[in-house]
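Two complexes follow with chain A in common, the first pairing it with chain B and the second with chain C.
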Partner chain A sequence: FILMLSLTLGTMITITSNHWVTAWAGLEINTLAIIPLISKSHHPRAIEAATKYFLTQATASALMLFSSMTNAWSSGQWDITQLTNPPSCLLLTAAIAIKLGLTPFHFWFPEVLQGSSLTTALLLSTAMKFPPTTILLLTSHSLNPTLLSTMAIMSIALGGWMGLNQTQTRKILAFSSISHLGWMTIIITYNPKLTLLTFYLYSLMTTSIFLSMNSTNTLKLSTLMTSWTKAPMLNTTLMLTLLSLAGLPPLTGFLPKWLIIQELTKQEMTTTATIISMLSLLGLFFYLRLTYCSTITLPPNSPNKMKQWSIKKPVNTLTPTL
Partner chain B sequence: FSWSSLGLAFHRTHLISSLLCLESIILSIYIALSIWPIKNQTSATLMQILILAFSACEASAGLAILIASTQTHVSDHLRNLNLLQC
Partner chain C sequence: MALAATLLHNAYFCGRCCRHKALQPLLGPLLSDSLSKSYSSYRRPGSQPEKKTTWQNVDLSFKKSIEVLKTQLGMLKKETEDHLAGPEGQSLTHYMLEQTRVVWEFRSQEDLNKWVISSDVEIGGKSEVYLKLGRNNQTALLYGTLNTEVPRDGETKYSGYCSMRAKPLVGSFARKKYYDWSNFNSLYLRVRGDGRPWMVNIYTDPYFSHQKDDLYNYFMFTRGGPYWEEIKIPFSKFFLSSRGRVQDDQHPIWLDKISTVGFTIGDKVNGPFQLEIDFIGLLNDRAHTEEFAYETYEKNPPL
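Moving on to the complex of A and B:
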């Protein structure tokens, strides 16, 4: 399947690049490869999601190229790890924020996830976040820490707040990914390894959630409520995965939050640590609502239908409980 | 560059104008990158060709999306892209 191959190619190119143009080329390859994946079904919502995604990602790539160009004007080199020009650093953080979906520029993300099918939404939220985070990691020592931390705090806040009134599960997952990205970027100037750790754990958990929702085909909260008849084991693992995404202590989702808070208090930023832990309570509310809807309540009539057994992997849902 | 980025940010009715602004952004970057080595006596031609190739691919993908959106939605006015509201 050529599109998946080109996606992996683009990601590899961006990860292993030390010149700005190769990074930009890898990002463009990723964008180009995902656009037909988003708009595969000729539904108007899918096409609209594809247009929004394309416009935002293309502007972000162009901004990135422009920032690298101004940096090359002032310092004469195209190396990624050496960013000396402050306005170009600012433009670069803005470009990466647009690409990742951090808070001043997150408006495209829920609608794009809503308009794409569940597997492409999975790809969008985990695999497409990976190259911009690698670029952030490579350039993290020369970016503006206050700007990054304010964007991160705002994204955790907005991810929690705007997820409260949602009934479509893809939008809920979009807001959860926005808040997780906020957690990732808040630690990036102090300890980039924690950012990588949160990214890996977050991608594991969201792949399991997406795959389990894909096998029961739940797009709305009401569909979640009646999905326990189809595969009861899947529902319980879905509940555990959701709670682990929320960050409850015995599950693995707590680990990155704990380490990040520890790192922040080491750097004497205790107010930000308390603020972000308070704001993650907002996310906890709708995770709890999702688990409540999926496993704890029973619908009025309970026929035990075993239809729609698509052969997706329930094995993947057991990994977040490690 | 800043002029065309402002135009992209404030596009009003047509999708075509935003695609045009995107193209003009990349074109301005390309022209600036071609003028710069002449002043500094270096040569960066491989980079230029690569940038041109990828921006052409992006432009064609944008045009394909435009055609698909006019097929499914009635016109390409930006007010029609509200199917995915919260």
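Moving on to the complex of A and C:
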């Protein structure tokens, strides 16, 4: 309980800060609070995930502090919204990219999600992304657009490509998170409000997926295939949510993609818009494959795990219908 | 008996440098964690003296490097195609419907080359172990003599073990590749032993170096008869040990990053041993519902 409180505290401190040091402090509190949550189950893989998370986030925080210090050295003030020194801007972009898990700094993300339990993975991919995104929003006018767009396009590409034949559900969600982050960051220098919208919708959809997977305890694809016997309603809503994450038109997930493409074309970046829509097809492929596994084909197998015979907690079936 | 076998693993890892001479030079620099060197300069009686240093072994010819580059690029291409095809290189429907899979078969010499044999010669003992193809090239025969005479170096208390271990998978450009066995829940072995008890060890991916001695073990009891035995060992029964010592904090093995599988004999009985293996496979036993066989109670119950 104390850890949850520290997480909220850290997020609040970062969001409401206008001095670099408070922002950094909030991020550090978040990192430190979630480390025990990741390594709660004393499994070597969990401890490995916690170590990797700590190392990457600590490096990112240090880089961020360094960039704010160089900015303070050159401009004499620590205000977050006034980042004027170009090297600091570059460093800050890199630091936030490491924190969020954008390519080429994404290597830690699937392993960390795989090593943690499903609820902790949910926290890692939604709540822990919030403070760095707010920092990006506050500094959006002074970020380096070329670097950001390159990283965003690479994230979308890589998230789609690497997610293609994963069999572990947490890793699949990690790669989907990476590609959504790419969508979020590509529009941030032009219209930060769209980034916020994408982030909110993405966290809502991911929360519902993680919670539905948590109630059926699906850690791998084969468990997903057999969950239709246990909670058929949950399975259909899971399918809809997955397709929404993929960005298919009548579902909510299409909205941020449409608005982002519209904004990019307004900014004369049509080729970028085309490229990212093509790349998100890769992502669509594996989401479709997940839904194919879980709902469209009905495998005749029965699940082996005893845990699945009873639903762990009452499941919120309303959120997936959003 | 089994506990003694686990205690013998103490020295098993020290002699790992011996098996690197069997690997290709490409893998040498990657896997040469010569443990015996890193601990002390005392060379154990069983290991061969280093005649040539690692850097003297390097071959800098241009033609050879072009060939190596071509093979690596070919492997990379194949890996990309496998990535597109689906999990583990097979299509998704195949993965979904798969219930059994044969991982290691012994039909030719190159199948035998995928395994490494070692014994307590590394610590100065006198056991012998050999691996050859059985009759009609259908099986592998692991045979030898176990000798429990303790080497006289003042610090070893037990001796007498022999083992066979699979070489880890290597991808293009000498990257590590792992097996993904998450679809299965038992190991299926078709063996013909001689009544001696063996220990099966599974080694999973150690990302950080403090985990490199973590091994999951279980026992395999063989009958002596002329009939083949099909032994099914569920993965829920494997317990964790590190350098031969059974750990306190047990957890079930995670099957999504398996590196190697090995067999060890060390039952403190002097004499010859023989194990004929037809194949090693995996099975998804639908009737097996146990998740973990040990410590199923909650370790820190909330008050």
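Criterion: the second predicted complex is superposed on the first by the 303 of 322 C-alpha atoms of A that agree within 3 Å, B and C clash if a C-alpha of one lies under 4 Å from a C-alpha of the other, contacts with A are read in each partner's own complex, and residues count from 1 in each chain.
Keep in mind that, in the parts below, a residue touches a chain if its C-beta (ideal position, glycine included) is under 8 Å from a C-beta of that chain, and two chains touch if they have at least 3 such contacts.
Quantities reported herein were computed from a predicted structural model and do not represent experimental measurements.
J.: Let me test your reading of the model: by the given contact rule, A:His43 touches which partner, first (chain B), second (chain C), both or neither?
T.: Touch partners of A:His43: chain B and chain C.
J.: By the touch definition at the top of the document, which applies to A:Lys220: first (chain B), second (chain C), both, or neither?
T.: The second partner, chain C, only.
J.: Per the contact definition in the header, classify A:Leu137: touching chain B only (first), chain C only (second), both, or neither.
T.: The answer is neither, since A:Leu137 touches no partner chain.
J.: Have a look at where A:Arg289 lands relative to chain B and chain C in the superposition and call it first, second, both or neither.
T.: Second partner only.
J.: With the two complexes superposed on chain A, say which partner A:Val21 touches: chain B (first), chain C (second), both, or neither.
T.: Only chain B; A:Val21 stays clear of chain C.
J.: State whether chain B or chain C is in contact with more residues of chain A in the superposed arrangement.
T.: Comparing touch counts on chain A for chain B and chain C gives B.
J.: Kindly classify A:Thr51 by the partners it touches after superposition: chain B alone (first), chain C alone (second), both, or neither?
T.: The answer is both, since A:Thr51 touches chain B and chain C.
J.: May I ask you to decide whether A:Phe66 touches chain B, chain C, both, or neither, giving the answer as first, second, both or neither?
T.: First partner only.
J.: According to the stated criteria, A:Leu164 is in contact with first (chain B), second (chain C), both, or neither; which is it?
T.: It touches chain C, and chain B stays clear.
J.: Can you pull the chain A residues that chain B and chain C both touch?
T.: 42-45, 48, 51-52, 111, 114, 165-166.
J.: Give every residue of chain A touching chain B within the complex, in rising order.
T.: Chain A residues touching chain B: 21, 24-25, 28-29, 31-32, 35, 39, 42-45, 47-52, 54-55, 58-59, 61-63, 65-66, 69, 72-73, 76, 110-111, 114-115, 162, 165-166, 171.
J.: In their complex, what parts of chain C are in touch with chain A?
T.: Per the touch definition, chain C meets chain A at residues 82-88, 92, 95-97, 180, 182-183, 185, 206-208, 211, 214, 249, 251, 254, 256, 285-286, 288-289, 291.
J.: Show which residues of chain B lie in contact with chain A when the two form their complex.
T.: On the chain B side, the touching residues are 1, 5, 8, 15, 18, 22, 25-26, 29, 32-33, 36, 40, 47, 50-51, 54, 57-58, 61-62, 65-66, 68-69, 71-73, 81, 83-86.
J.: Which residues of chain A touch chain C once you look at their complex with the stated criterion?
T.: Going through chain A, the ones touching chain C are 41-45, 48, 51-52, 111, 114, 161, 164-168, 220-222, 225, 289, 292-293, 297, 299, 301-302, 304-307.
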